[in-house]
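Here the structure comes first, spelled out in structure tokens, and everything after it is commentary.
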Amino acid sequence: MAELRSGRPLLLQGNEAIVEGALAAGCRFFAGYPITPATEISEMMAYRLPAVGGTYIQMEDEIASLGAVIGASLAGAKSMTATSGPGFSLMQENIGFACIAEVPCVIVNVMRGGPSTGLPTKPSQGDVMQARWGTHGDHPIIVLSVSTTRECFDITVKAFNLSEKYRTPVILLSDEVVAHTREKIQLPHPEEIEVIDRIKPNMPPEWYIPYEDNTRGVPPMAVFGDGYRYHVTGLVHDVRGFPTERADEIKAFLTRIHRKIYQNYFDIIMTEEEHVDDAEVIVITYGAVARSAKRAVREARKRGVKAGMIKLITLWPFPRQALEPHLKRVRAVLVPEMNFGQVSREVKRINQGMTRIEKMNRIDGQLITPDEILTRLLKL
Amino acid sequence: MAELRSGRPLLLQGNEAIVEGALAAGCRFFAGYPITPATEISEMMAYRLPAVGGTYIQMEDEIASLGAVIGASLAGAKSMTATSGPGFSLMQENIGFACIAEVPCVIVNVMRGGPSTGLPTKPSQGDVMQARWGTHGDHPIIVLSVSTTRECFDITVKAFNLSEKYRTPVILLSDEVVAHTREKIQLPHPEEIEVIDRIKPNMPPEWYIPYEDNTRGVPPMAVFGDGYRYHVTGLVHDVRGFPTERADEIKAFLTRIHRKIYQNYFDIIMTEEEHVDDAEVIVITYGAVARSAKRAVREARKRGVKAGMIKLITLWPFPRQALEPHLKRVRAVLVPEMNFGQVSREVKRINQGMTRIEKMNRIDGQLITPDEILTRLLKL
Amino acid sequence: MAELTKLIHKYLRHAKKFPHVWCPGCGNGILLGSLIRAIDRTGFEKDDIVLVSGIGCSSRLPVYVDFNTLHTTHGRALTFATGVKLANPRLQVIVVMGDGDATSIGGNHFIHAARRNLNLTAIIVNNNIYGMTGGQYSPTTPYGSYSTTSPFGHIEHPFAIAELAVTAGASFVARGTVYHTNLLDELIEKAIYKRGFSVVEVISNCHTQFGRKNKMGGPIEMLKWMKETAVRVEKAEKLTEEELKDKFTIGILVDRELPVFTMEYEKIRQEAKKKVSA
Amino acid sequence: MAELTKLIHKYLRHAKKFPHVWCPGCGNGILLGSLIRAIDRTGFEKDDIVLVSGIGCSSRLPVYVDFNTLHTTHGRALTFATGVKLANPRLQVIVVMGDGDATSIGGNHFIHAARRNLNLTAIIVNNNIYGMTGGQYSPTTPYGSYSTTSPFGHIEHPFAIAELAVTAGASFVARGTVYHTNLLDELIEKAIYKRGFSVVEVISNCHTQFGRKNKMGGPIEMLKWMKETAVRVEKAEKLTEEELKDKFTIGILVDRELPVFTMEYEKIRQEAKKKVSA
Amino acid sequence: MAYRYELRLSGSGGQGLILAGIILAEAAGIYDGKYVCQTQSYGPEARGGASKSEVVISDEEIDYPKAIKPDVLLAMNQKACDTYFFDLKHGGMLIVDSTFVNQLPTTKAIRLPFTSAARKELKKEVVANVVALGALVTLTGVVSLKSLEAALMNRVPPGTEDLNRKALELGIQLAKSHLQGGL
Amino acid sequence: MAYRYELRLSGSGGQGLILAGIILAEAAGIYDGKYVCQTQSYGPEARGGASKSEVVISDEEIDYPKAIKPDVLLAMNQKACDTYFFDLKHGGMLIVDSTFVNQLPTTKAIRLPFTSAARKELKKEVVANVVALGALVTLTGVVSLKSLEAALMNRVPPGTEDLNRKALELGIQLAKSHLQGGL
Amino acid sequence: MEDNKKKASDSKPSKSQKAKYSIDIFSGWCKSCGICAAFCPRKCIEMDENGNPKIVAPERCTGCGWCETHCPDFAISVKPIKEPKVEAV
Amino acid sequence: MEDNKKKASDSKPSKSQKAKYSIDIFSGWCKSCGICAAFCPRKCIEMDENGNPKIVAPERCTGCGWCETHCPDFAISVKPIKEPKVEAV
């Protein structure tokens, strides 16, 4: 069977592991446009999807790719696209559509140096804020990040699950280092993997109110062709899906699509802690840099510094609750990033004077090394 | 003469005043694509530009529009485009190009309700964060906002000036209310208007190093056709403009394009204070909402509350230095916005526990009223 | 006749959404009638029809009909439709776009959809203008016309939408008008039946934003203009270029058999299943 | 001959940028030669030439030549070029794009530039593949070919780039190959001279990403293939469809006089000056 | 406190109320030299749906540009009258086009047949907005009639000056007869 | 501290060093059961420009995936040798292709003629990378030769198994003669 | 739909001749564009002084359906008039 | 450009016949693609055992320029050989 390559050890690139994760999560549609350093995801999808009865299509550009992904999701297929900065910028308008029409889908952005064509073959973490704020209008979004090949698999599965559960686009941020590092991993067996599917309506079609609120804030989603004929639009709409300009309906709708993310905060945020309990200084980190940080923290401990680290897997909604208790406690926080300081801004925002936040940035296309972090840690 | 309509009172929409401001600042090229509520800017430009020897073109979409604007600027014309949310999202990739290639231009975003097609005819302030972070890669940018018809004129002139001075795209955020409010104004006489032009090289072409650093961080800009043949690219480049992958050159370049904005902070940030000196509570506000805030503050004073307000004209770089002294002093701050809270995030980020920050948000397509602000002010 | 009431009941979201938002006399309403008649004739189930549109006056159409309806972003309708069709090829996907939507911002998706030959039906309402945003020139605005962004007369040349579709590779291409409704019913019906990418360009009137500004009058005068200016392709073949000046042709421009994407992809799946092991 | 050294000195940024980044035998290098010879023949000053490109292997070309050079974003070269030309119509603007750049992501700008008939020259290096990103199919990849994203054979149909430009309205459209360099020099020269939008589609070899995967061999074999497969348009007219099967034509496809945007706009300016007062 | 006078002109899409607002604003701002803000609200349904135009006149710079509690409401159809009447300032003036408004929310409403008068007297319904303007200004005195006429002449398409002048006069007359207790 | 062994294979674009790195990583990871990370750096110039492939082998999960101080540097051309030699761990092993590397930064370098041997003995320059791999593994023992061969056979295009097996053997022999002081 | 049934102007025979078709115009949807009146080949429909369509000569109607298929607002319906059959109650 | 002048292989007449053209291949730019050798109509150029182009028969060269216009790397230059004129010093 061509479906899952679990059971035996494999040497996989991060990009390949994302493909495996997507297939394991039930992804059966991929539309994309090649771009370094995300291209391998397209190429692997072109090879693997038809064999599992899915569909791969290379579209004329990234705008079209995300359009097709949203269409396919509405027609019932778990869908994904993958790109890097320039393509991600082009996708912004349709990301907003997926938000407002509440269409589950996964968008992978393998970050490379920017802005513009920038540094096509070099890693970066320059798109963290863009992932949250890139499209116009105030919109809810879930953004996850990965730092190892294994995570590329696991978090891709998670991305699909969250996307289906909350009817929202989920953005997965990888970077050139994670994408192209080949690592030995062993994929879990299908039965070990939790796969979540969207809730579909089970009432008779006449009773279906496609955008009706409920406690979860996530209405069941009918699939085109299943007998629930309804209207999907990028305009702000009423509970039946039709455009509205009534202030009360606008407010109810926009509040709900925000609420569905924020009220489920604890289900969505994921962080990983290492040596945090007794730490006096901590590193807050994500993506490839987290691997350097891990080594640095261990080295620092060896040298007697009580260092710890928190790796952010969920970047948005920003995992405030997971960080706050530690900010209250530690002497200082270091936030190393391959940008001019994006997550560090957020840490400062929630910090409100509790501790000292130091940023540490590299924007020259090179991965921050363990040594660099160590040096800073020792001085904190 | 068709150039300036100064001297006599006029009843102008915000959108029309932007056109007048642009022409006064020397704008001679406009490329755009119609979209509510920015369309009048295009329509007026189509009418006015040819009469002053300039060029108007309606392109096939917003991506093309900004492309043409950048091209025209490189060929020497002060250039502008205008759009609203959906078009602004599409422009993101090329905004990054203008940043990295350091091409002056002005991009007007008349904000309407989002995300996606959202609320085409309703005002919003949902794109404040997008204006800063919408394109991929970490990039410098200047973002200004307007709240009256007169400001539409004045700040548009400013936008061109800053753009030319710092060789950077400048984003002007307006909103549906400001855009469509007709107000009586009297435009200043040409000699009252400061107009800044880009510095051009004056050395012989052989000596010209197009992206060489200097104290201002802004290299002189040659115009295509003037005899300085050089290379312009969206790739990270060396001082001669050619693509580079050398870490030292990357770092020097990206640092410079950030530095040129941040080191000139005091030249760029603009705020307007009202009753702030003895204020115990202040409203931090911008755009159309500032008009409601102004009335609310006056009403509050009448009722004995020591209220004040700071109107942000420069939104990015965020005018931290203008706010910090007040945050240290006042009892509370109210940030009313037509979004879920974007500027309020920034105020919190710089606040670091100094005072209490309260947000106040309306997302239903209606302008926040003076009464609503007043009610909150009285309770602060 | 009087089928109408039946059709209204069967296909329109009549109880809530009418009268519709279009201007008095707007061709979009006439097209909507043709569309539901044509669909009715094809016999497809309402549940199996997905009606996709972009943004514009014409793209408001899906709101009014009781199918699976999808109102996308400006210019992108065909890309969404591509995803719908590929994810469930059993669905009949019909895409309604304006001239601006389909050939200005969406021009690339249009020629690529034609090239790719996915089994979709594109209906392009060509009213020579951007109606919804208030009358700016579109890629089909005639040379010399006036619009709010060509206040001194338009200097660009219009696309021939149907001809572009032919060159780009569509399987079936036709042009009709909202005056010639019987023909239009028939063209749309054939287009839906066609396996492969099918296009119907519908000449329609936007008197509000185009007609009045260009001294073409209101809806009545513009319908008369269609009547007088349209020539059947069959007849046009016999006319000289001179005789055809300032005329446009209506009817079927091309109807050809080309391999269809979804069927070809099914072959790929079979082959992949043989070759790819996990 | 041996003009070469002179041309290298005159036009290439030879001291720093060579050897160039292209693969051994890549057609882009041959095209670069044709381009500088053609420009040299036109006699335009280097200062008056603006060379614009998008993103791709072929779009790396401007780095190597001593003009005003502008390396834009993927697919958008023509839009930047439009701005350059309109802001300073005195400049000769030449745009080099790959097949993917010009007809995939940039397809819309391409047909609109043709329609608008601005005085630009578009040179499209058609190597039937996305070279730079490592060999994914492009809109010109032939049916049945292999690429990294059509591992089981390609099921889409290719655009005929030059024909598309003709339908969209370009003033001058030609096709050449990097094998037929004399013809290519001539076509590019004519295209640059032409007032109005001119297009030269250049069939080129990407053996690295396309040739090898499709058993067409290396650069030598691919040049031979061009030699054998290209037919002059003049000759093609006399051949049957059968004889032309699997062949492509080279030469000038269309050369027509149409009103040029910049000149038309100048009229608009005159009129506006009369009508508009502040 | 500074003088601030708010007017709301309401009706449906094709009735020309936005233009009426602009003319009024120009009369007040350009010709009478006051501060003025004119706003409107519209939707995609504007092509026949509800239309609302507001004018705020003041002797100092105007902060909030929209009407807070209108001093005057002109309602050119029933729906507008029903929707907006309750926003009217206590003691404010309600003027309705009796051609379309049948149900009145207050006995103090001023009912004048703008549209039918335009149709009857001038054979042109389209100038009903100008008729209404003439009446409104006569009734409120918010701008001088001279300024109103100047503003009107400045905005109407060439060739229609006469018609519009007549419409204005018709409105003035309607208002005057009302004031004189006629009608 | 845990075992961590770092190799860097460097040279120019067409020399197949990324594939060599993958094969080595697969030998260590899949066949020898170690933890392994393989990375590379490349540019648009990769088509002839510099190419670098790194393999990190460990007996525990690998944090930082790139080489920090390589234990082994394989330099297939002069530029690579010049650029990377100074990163080498103190006491690390430098192996160079003597076909292209003339200037040696240290007397301890191991010089073997990978490319010319491949050209001469196998008439195929393209397998110089496999020759080098054979030698490298023989000299370092970083993976077992059995695993290397298995990994190699798994990655080479069908029909070239023989050639590659021969290339591997050639590399092993070159290394052996070096160890025996020959060459 | 119940409310929709109120008709703007029913087809009352204006001449003595008997109408074979009943032409219904639903004023709730009609936007008075005038298309029906302008094009009806038998001039059965005219615009009244208020600018609304009015059936003036139903007896001339041939049931061609032109008005029905061209009304942009689905406001006209043309039906053959069935002779009421006398049936047993 | 000074350094660039060192030539890979000068056109030394290999046969007794006198060459009319000098063919220069600049090895610094040549990428050994083989195009010149494969297509030279007079077979003046061949690829050597290391896979690099080599001028084997300059005397056959007609100066047609094919190699020059087709070398993707601007690495070949063909010039007519001028008889050195004896001039007064």
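Letters A, B, C, D, E, F, G and H mark the chains as written, and numbering starts fresh at 1 in each.
The definition used in the following text is that contacts are C-beta pairs under 8 Å (C-beta built on N, C-alpha and C of every residue); 3 or more make two chains touch, one makes a residue touch a chain.
All values reported here derive from a predicted model rather than from experimental measurement.
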Any chain in contact with subunit D as well as subunit G: C
D-H compared against A-D, more contacting pairs: D-H
Whole-Å gap between the CA centroids of subunit B and subunit D: 37
Computed distance of Cα centres, subunit C from subunit B, in Å: 39
CA centroid of subunit C to CA centroid of subunit E, Å: 42
Multi-chain contact residues (two or more partners), subunit B: 47, 50, 60-61, 63, 86, 93, 97, 116-117, 120-121, 233-235, 243, 245
Of all residues in subunit C, the ones touching two or more other chains: 22-24, 55, 71, 73, 104-105, 107-108, 112, 139, 152, 265, 268, 271-272, 275
Of all residues in subunit H, the ones touching two or more other chains: 31
Of all residues in subunit C, those that touch subunit A in their complex: 16-17, 46-48, 50, 52, 55, 62-63, 66-73, 76, 79-88, 90-91, 108-109, 112, 265, 268-269, 271-273, 275-278
Of subunit D, residues touching subunit H in the complex: 1-2, 4-5, 8-9, 12, 14-15, 18-20, 22-30, 32-34, 37, 178-179, 181-182, 185, 218-220, 223
In the complex, subunit A residues that touch subunit C: 1-5, 28-29, 31, 47-48, 50-51, 53, 55, 57, 59-61, 63-77, 79, 93-94, 97, 223-227, 229-235, 242-243
Touch list for subunit E against partner subunit B, complex: 22, 25-26, 29-30, 33-44, 46, 62-66, 68
In the complex with subunit A, residue positions of subunit D that touch it: 55, 71, 73-75, 104-105, 107, 130, 133-134, 136-137, 139, 148-152
